[in-house]
Amino acid sequence: MNFRKTLVTTTALASFAMVGAAAAADYTIGITQNNVGVDSYQTTYEKAFIAAAEANDKVDAVVLDAGGDVARQIAQMEDLIQQNVDAIIIWPTNGQAVIPAVRKAHNAGIPVIVTNSNIAEEGFDFVRSFSGPDNVTQGARSAEIMCDKFKEMGIENEAQVVQISGQPGYTTAIERAGGFEDRLPEVCPNVTLVETQPGDWNREKSQQVMEAFLVKYDDIDGVYSGDDNMGVGALNAAKAADRAGDIIFVGATNFAVGYEAMGRGEYWGSIYQSPVDDAEAALQTAIDVLDGKDIPFLNYFDTPKITQDNMSEFDKPVF
Amino acid sequence: MAQSHLKAVGEILAKHGILVAFILFMIAFALLNPRFINSDNLLGVVRSSAILGVMAIGVTFVVVSGNLDLSVGSMMSFSTIVVLDLHDKLGPLLGIPAMFAMTMALGALIGFLVGYLKLNSLIVTLGMLSAIHGLTLTYSGGKNMDIADKDGTWFGFFGQGELLGVPVPILMFALLAAGLTLVLSKTPFGRKVYAVGGNGVAATFSGIPRARIVFYCYLISSFCVAMAGLIQASRSLGSQNTVGQGLELQVLAAVILGGASLLGGSGTIFKTVIGVLILGFIQNGLLLVGLEFYVQYIVTWVIIILAVWLDIAAKRGQLWSPIA
Amino acid sequence: MSAQAPVLELKDIVKTFPGVIALDHVSLDILPGEVHALMGENGAGKSTLMKVLGGIYQPDEGDILVAGEKTILRTPLEAKGKGIVFIHQELSLAEELSVAENIYMGELPRKSLGRVDWSKLFSDVDEILGRLNCNFNAQTIVGDLSIANQQMVEIARALTVEATTVIFDEPTASLTDAEKVVLFDIIEDLKSRGVGIVYISHRMEEIFKISDRISVLRDGEYRGTLKASDTNQDELTQLMIGRSLEHTRPDLSQSNGDVALEVKGLSCGKLFHDVSFKVHAGEVVGFYGLVGAGRTEVAETIFGMRNKSSGEIFLNGEKVEINSPADAIAHGISLVPEDRKGQGLVLGMNCRDNMTLPQIDDLTVSGLTAPQSEQEIFKKYRDQLEIKTPNWKQTVGNLSGGNQQKIVIGKWLSMHPNLLIVDEPTRGIDVGSKSEIHNLIRELAGQGYAIIVISSEMPEILSVSDKIVAMFHGEIVHTFTSSNVTEDKLVQAISGIYEPENAA
Amino acid sequence: MKNTNLAKRLQDSAIWIFIALELAFFGIAGEFLSLSDGNFLAPDNMLLLIKQTVPLGIIALGMTIIMINGNIDLSVGPIFALCAIVMLDSMTWPIFAGLGDGVIVIAWALAILVGVVLGAINGFIVWKTGVDAFIVTLGSMLGYRGLVFLYNGEQPTYHLNWTLVDIAESAPLGIPLPILIFAGCILFTWWLTKRTVHGRNAFAIGDNRTAAVNAGIRVGPHMVWNYVLIGLLVAISSATFYSASGSVNPNDGMLYELWIITAVVLGGTKLTGGRGSIIGTVGGVIAIQLMRKGLGHIGADTAMVNLVIGSILIVVLYLDRQLNRKGEEELNS
């Protein structure tokens, strides 16, 4: 055994700088993210989270990525529980499938904070807090943006709208679609939502779904997509069929590509949501929970509307 | 008498069965939804199957030479991400050839492993499927790859442009198909690919450098994948790391549907193109008829099994297999 | 051997393949406790007859009587059920499984729940192996056994069933002398227990050592049965060869060409060693020997399919290095392989493409293939070799064996090689057109080609070759010239018992 | 003959040597690179490792027998998803309303029924049409995925029954239930391949099909039983996993077939049939999961994991080829 000891001491100094751990970090916080490789929002979220953790010398962060696979996320939860971290932050790949794993952490006395996309109701009593955007409000706000634009154009009585939703089973997708579908009839009763198809947060798939819509429906007045990444995919399809001019595109989670499209006047509006706020809010919530502070169960951070009119007030998203 | 009769019918069916099936499908869908046969729709379908088609042409070479290639899916993601990245770093004129070189280097590696080291092509390309996916993620750091200034570049020409009224992807698809048909059926190299796939030992006995032929087939396949990556990247001027995921099995389905045998030695590019179009039009037809996209999976299952079964039945002269 | 009722009887068996009458009213009877040898040239119908007996082929006419009762044998399994066991020359064993599982394949003793009764299986098999005094046991993995031992496993399989007839097809081809002794003891043991044995072989001295009666087949016809005790090698050879030799030998033009090929001290691992010979332009050198003598391996090494371990090859006096068939072809060597289907043809391709495959690179017009010039080559050799095929588009797989053979010959002749090697030129060719091929070979020699012919049919070698190289177990025993060769010297040479008195 | 025995023994134990190397590497590397204080080689971390190999492991056992038989099955992914969907959804069917928690047993039974039926369909098509198993199961992979989507569109199938979750997470005798089920499947398939006539015939057919046919083994039904067996094992794996998670997405099980074939080949089973071992496959599955977990432990991201596993597969393939290279008799074709 002494072989390992000598090995440990000689290289401990070398590794010291790399891990950047302070003398004795009070908390080790583990995070299992949804799918870092899927889009820039998530990649920027991870960078912001790591930066925030390193900046705060009270915290050691174990950063894992489930790569979109439920089985792997459950395995990562078990690993974090087994390594008895002080708190676990989870960005669920599937709001329902992770509930038993969250319960296991709860039973092991490890507080669980959900970030970005909430888990289903049944899991609420195993979770200390949800930190992220209020997706239902976001959906409603997008409906309002679209309806105001239709009124401005005077077509709010015969407009037809299609929706490209996020990954099925993903809470954010369900909440945003729900928010949009509930709010739209309230503000623009005569606008009809003709069809909804999932784009799985994937730009290429959204482009194909939009192409199918364009073939199926001769006049489309508005497209609501779960996020700008999918929205731009739909925009590309419309531009290829050169019908982009007479379609109002409204999305959510304003990406850089969305912001530029708005700058070019092709994309009408979106919801401004910064992954950096998302990451920092999640870390701060975890620290507050460990410090014993009481924080609201639903800890939303604000996500304002952004349209071509007021885009100058916001600086271009960094993802 | 019955058996030779079945064999005759089988022969015709095996030779042109795919064409017959293709025409029947088109008629059926046209009747169900007239919008199906309007020129925009037809053109749209061919344009969207161009990417799969270009890759299928490359894989046809590999299958005719008696091997398999499961790595084309992740290799296509790799080429798409790389060309977008290099477009901003080196500019399109340098970026595109650099991407072709990098993608064909991967093809050369596989060609070396399967051709010269004679390793099993299914397992090698299965390993490369995962390794290249890892390579792509490392290269892009997990981020989407988007061209910074989308309006200021002519790069969109390949995916979105039109020439003489025909969308560029279709032209590239047609040009590549014509060119490689010439190579496969009208050049000594093509004849050798059929020989190596049909009977490797006899080919070597006839002085054909079997390892080199297999190596070139994988090189051609990677060239086609690079072409597909170019079209895909240019189509949306941005892409995710997983854009090519799952394409390898769709490509294989199209090649098999076209009539190429997995044992090697048979199959043509024309038939593969028909296989690709069948897949494309079924998906489109079902959509227009109002069925969900996944019904296409079930239809594809049925016609793959039927197409290959009839082909084998014709060759052996009996419908049911002789296995006791 | 008293006139007991025969264990097995064949009456007027006829079997035809497209264009070939393989068996022409052959009758044969096997008595219990008798070793009945069956002799005949290659292509005389021996293996076809045995495949009929073994249930692999169905006879077109004639009956098979097992213990006097007419039976139909549809599959090898049915034949085995009737007590007829066939030990093939090529072994059909599962190399990954144990000896026991191979012997009882398909009939493993069972316990409840479909479990294998291993104890019973191993004890039964060990008992049989004991009787054959094998040096391995029931649990050895077949893949680890030598060829000879694997053959013992096949023989052991025969003893698992109450066999009334056991057919051996060239069993001693790859056995050492010691292993042969063990085999003959087993045959004696089977004989003593009243089993009828059919023994197919080329080797005269084995035949005379163990067989009671000898039947001879020639060109698919039954030539008669002799008692081993009152006949001798010459009478048997005469019966086998039939037609007198003189008139079959064409006038051999004296070869005066220079040395096209010279091989010095060539060897390749265990396959053959220290092989040296010369081939002059316009001369046919015949290689004669038994299976496993190394003749094909020598040809494959010259052609670059195998890497030589030592020795040199000279073409037209100039030393050459040949590491691949492509090198050999570049040096103008052509090899018509013994295994047409496996090594000679791409069955899925059409006739023309197969024929022009080796020279496809030269038949191009601006990079593309030139169909017309290919067509010409195909037509030329189709007519010259009289290949019966509707048109060039016909896939080779659909042709008869003889025509396939001719396509391969045409393929290599069209290369205009300066050294042509033909391995078993007339195997699978119908008797009628055999002499056609022989004349063609002689004609080519006349035109100055240097030719090597490998054959295991004595009349063919004698009628075609200017020089005959006899090989046994990887070595050249002796080289005869057409003037000083006789049958029995040749037979002795290939059986390794030839003492060159003072012959040239 | 001696070197072939050595080569064979080396081959059989190759995968376990590889696992030992992995353990050593991650054990030591883990000390420095990993942020968590837990020791990688701690017993309960290893137990967790085994538990995480269960889903792919159980299916790999069935795939081993299929490949020994000379066939292959690409459709295990969608079957895995379909069994789970039927299991979870059947618990909400009104006709079982009265049973309360008793419905769990029925749900498992239905899941197994689905697996067996889908396996049998594959088997019959391969048998009766004579089409190559690769193409048949490539087709059924697409077809069964279509059935998964047909069942519930793109929406996940979701039913959280806490008793079911408690059963799935229970650990009788201190060992998690999934590991016990996995052990049971290993025992059964090992017993099948080593002790039963059916198992030994699988080797015979895979190694020399003509010899097997001549010996009177009925190859057709034998194949169908093997496909039924893999269907059963996929159903067991699916029921075990989804009982603990309660929700299944239509895209679940994606690429499972590729990882499972990789594990079986790493374990020493030949693709062309005739040779393979259940124990080797268990080694193959553990080796891959250990690689994933180890790389995760030392902070490597998904990119590195994919890169490493893909390359290791090719290296092992090359070594395997060197090990059983025949003598110089081989023609250099």
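Should a chain be cited, it is by its letter among A, B, C and D, assigned in written order, with residues numbered from 1 in that chain.
Here is the rule we use: contacts are C-beta pairs under 8 Å (C-beta built on N, C-alpha and C of every residue); 3 or more make two chains touch, one makes a residue touch a chain.
According to UniProt, the chain labels map to these proteins: A = ABC transporter periplasmic-binding protein YphF; D = Ribose transport system permease protein RbsC.
Since we're looking at a predicted model, the values are computed, not measured.
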Centroid comparison with subunit B (C-alpha atoms), farthest chain: C
Computed distance of Cα centres, subunit C from subunit B, in Å: 45
Gap in Å, rounded to a whole number, between the CA centres of subunit B and subunit A: 35
Separation of mean Cα positions, subunit C and subunit A [Å, integer]: 74
Chain centre separation (subunit A, subunit D; CA means) in Å: 34
Subunit C: positions in contact with at least two other chains: 305, 324
Shared-contact residues (touching 2 or more other chains) in subunit D: 153, 301-303, 331-333
Per-residue multi-chain contacts in subunit A, two or more chains: 36-37
Topology of the chain contact graph, where touching chains are joined (line, ring, star, complete, other): other
Pairs of chains satisfying the touch condition: A-B, A-D, B-C, B-D, C-D
Parts of subunit C lying in touch with subunit D, wherever the complex brings them together: 75-77, 92-97, 101, 105-108, 110, 113-116, 118, 141, 143-146, 268-271, 300, 305-307, 309, 324
Of subunit B, residues touching subunit A in the complex: 35, 40-41, 44, 48, 137, 141-144, 146, 150-151, 160, 232, 235-243, 284, 287-288
Contacting residues of subunit B [partner subunit C, same complex]: 182, 186-188, 190-192, 194-195, 198-199, 201-209, 265-266
For the subunit D and subunit B complex, residues of the former touching the latter: 74, 125, 127-132, 134-136, 138-150, 153, 213, 218-220, 223, 254, 258, 261-262, 265, 271, 301-314, 317-318, 321, 331-333
In the complex with subunit B, residue positions of subunit A that touch it: 36-40, 42-43, 46, 202-204, 207-208, 211-212, 215-216, 229, 232-233, 236, 239-240, 256-257, 260, 264, 319
